[in-house]
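Below: one structure in structure tokens.
Chain IDs A, B and C follow the sequence of writing; residue 1 opens each chain.
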Amino acid sequence: MSVVHRASASREQITSRSGLIGYISAVIAVLVKDSRCELRSKQSISAVLLFAVTSTVAVSFTLGAQGQSSAIASTLLWVVIYFSAMAGLSRSFVHEVETYTAPLLKLAAKPNSVYLGKLAFNFLTLIALDIVTVPLFIILMGCGISKPGLFIALLLLGSLALSAGATMAAAMVSRASSKGALFAAISFPLLVPALGLAISGTNIAMGGDAVLTAANCLHLLAYYCGVVITASLMLFRFVWED
Amino acid sequence: MGRLKTKDKTSAIMPLPLQIFIGLEIAAVIVAAFLYVPPARGFADKESARIIIFHVPCAMIATLAYAISTIYAIAYLIRGNTASDMKSAASASLGFLFTALATVTGMIFAKMEWGMAWNWDPREVSILMLMIVYAAYFALRGSILNSAARAKISSVYNIMAGLLMPFFIFVLPRLVPGLHPSNTLTSRSGLSPEYRIALGGAMLGYMMLYIWILRLSVRISEHAMLRRRKSIER
Amino acid sequence: MVGIRITDLTHEFDDRLVFDSLNIAFDGSCLAITGRNGSGKSTLLRILAGLLTPTSGDAAVMIDGFAVPRDLLHNFIGLAAPDVRLYSELSARENLQFLLKTRALKSTSEHVEQVLCEVGLGKRGDDPISELSSGLRQRAALAVALVHEPRVLLLDEPSSNLDEAGIEMVREVIGKYSAAGMVIIATNDPAEAALAETRFDVGGA
């Protein structure tokens, strides 16, 4: 039996990217990969959008014609966004585990690259959700936005906050057995501060009153994002690695 | 079965004199709460204040138990020894019990004093959030079959929820409109000194009870683990 | 110089003891790990690859005398196993390109093309994995293990699902990589095991 001996294929063809650039390109690669797979299968975005649109219609069906107070409208808007997130964001990790692609990712990427890439993906999913749902909600509910700049800032920060908590929760739940209901159950305590702040701030943006000022809401939301993302960066590898 | 090993005797978990002391002391506190302590002035329902003797220590031990379970969770992630994880879970379950007790006693007091069991008072909000965190923690623990993964993931969850505690205690309550400032227990200064003694006694008793049950429950977990290891060797 | 050092390795999977106090020191070029089903061959490979933390003991990959720390194993190890699957919505080429980027490696498209041809996927490299037969998927999995040119190649039953041409291809790959670094094969197949110079039997539990 002869062993065919070939010269090791050109080491010159593979070079490694240095430090930060390599790290960022890994994160972007994960984001692009998730986006590409999602665009081709359309599984989680359709679940998320379907849920959001149907619940928006259901809510405004009974309440919209009467012109609701800003407190109710802001609460309902964020409840719709929150539950849509619960419907769709767990797929980022659960799907990898169920289709046995998770070991591939563990072998080929640093844990934090995976976390940041999937955080970015979940954030973009929520932004897409916002773009579709919010105008629909505003039209159907007939609510006025007296401070549009604040409103958009809250949507962005709030979506980031929701995706930060949900991404970590999704990673935790991907190792568990009863994934669906458990995801919403463990996300709730983690996301409640963000939800409360987003609702309060949106209430102000819609012209209502709240105990905290708008600036406080934004600061606290940003602080929340900082805490959750930093903690996740430190703790993610314990959830991801075996 | 043979004789119990030395460290399994209950006297090793808590010395016998202390066991007797705890039992008598808590009994004394209960008796004192109803017979020794006078009805409170400055309360709508003068008898309602008696439950504060039990409510406040429960709430404090609940918070302490959570803090201890988080510390052990951090220790587990750093060192990887299952003993830390066992202590973390044991402290969490005790904390859950005390939180439930604090919530119920709080609701009884609120109903007697203000006519409504739930008022969205800041402290009520915090204790409710603590209950929800515990419930989620145990749901998570219960659903992961692999023991190493279970320990790691629930420790991470414990720590993350712990990091968000400032939000639960300071931010969330302030988001609820229409606070009733008179509901907060500043009126404790209006309580007669007998209340202070009874409160202190309850605090001591519950603290020792917590330590005792914690050590017992850790020992039971150790046993369960040893039995599993023996069956593996076979 | 590539070697592996396995010291007192014990692994329990919940209530089952997979293996107990394994000791292996190997510096050669090709090792076959054999044993009955369930004896822990795949688990051993996973521990070496850094996917699993063993219950006790140590399994290290040594490069030039130094043990590679677990978080740096990405670029030194390649693993192809039945329960490590590729992304089915992507093509083989896209999978390869993705896995190079996550390792912070930059490569030319010629390199990726060459790896695809090496495993026999030259014509089907752009079809989604979901459209490939199990034999072609096996080849793609092998490509994924090779594309970053690891020093240690871990193969779990590499010839399963393959036709004769495929088996010959695996043989060539093993030959090439054992000359350049180290190949460890976990297998039940005597023909596959015969490709290695040394055999280690994990036995039954």
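Just so it is clear, a contact is a pair of C-beta atoms (placed from the backbone, for glycine too) under 8 Å apart; a residue touches a chain by one contact, two chains touch by 3 or more.
In this text the structure is predicted, and so the values were computed from the model without any measurement.
**Student:** B-C versus A-C: which has more C-beta pairs touching?
**Tutor:** Pair with more contacting C-beta pairs, A-C versus B-C: A-C.
**Student:** Taking each chain's centre as the average of its Cα atoms, which chain lies closest to the overall Cα centroid?
**Tutor:** Of the chains present, the most centrally placed is A.
**Student:** Centroid of chain A to centroid of chain B, CA atoms only: how many Å?
**Tutor:** Roughly 34 Å separates the two chain centres.
**Student:** Counting only Cα atoms for the centres, state how far chain A is from chain C in Å.
**Tutor:** Comparing mean C-alpha positions, chain C is 34 Å from chain A.
**Student:** When the centre of a chain is set as the mean of its C-alpha atoms, what distance in Å lies between chain B and chain C?
**Tutor:** 50
**Student:** Specify, in ascending order, the residues of chain A that touch 2 or more different other chains.
**Tutor:** Residues 242.
**Student:** Quick check on chain C: which residues sit in contact with 2+ other chains?
**Tutor:** Residues 53 of chain C touch two or more partner chains.
**Student:** For chain B, give me the residues that contact two or more of the other chains.
**Tutor:** Within chain B, residues 145-146, 148 contact more than one other chain.
**Student:** List the residues on chain B that touch chain A in their complex, please.
**Tutor:** Touch list, chain B to chain A: 77, 129, 132-133, 135-136, 139-140, 143-146, 148-149, 152-153, 155-157, 159-161, 163-164, 167-168, 171-172, 174-177.
**Student:** Along chain C, where are the residues that touch chain A in the complex?
**Tutor:** 46, 49-53, 71, 73-75, 77, 79, 81, 83-90, 94, 98-108, 110-111, 114-115, 128, 144, 148-149, 172, 175-176, 178-180
**Student:** Inside the complex, what are the residues of chain A that reach chain C?
**Tutor:** Those residues of chain A that touch chain C are 3-6, 8-11, 13-17, 21-23, 25-26, 28-30, 32-33, 36-37, 40-41, 99-101, 103-110, 113, 241-242.
**Student:** Any idea which chain C residues touch chain B in the complex?
**Tutor:** Those residues of chain C that touch chain B are 12, 14-17, 53.
**Student:** Okay, in this complex, where on chain A does chain B touch?
**Tutor:** It comes out as residues 168, 172-173, 175-178, 182, 185-186, 188-190, 192-193, 196-197, 199-200, 209-212, 220, 224, 227-228, 231-232, 235, 238-239, 242.
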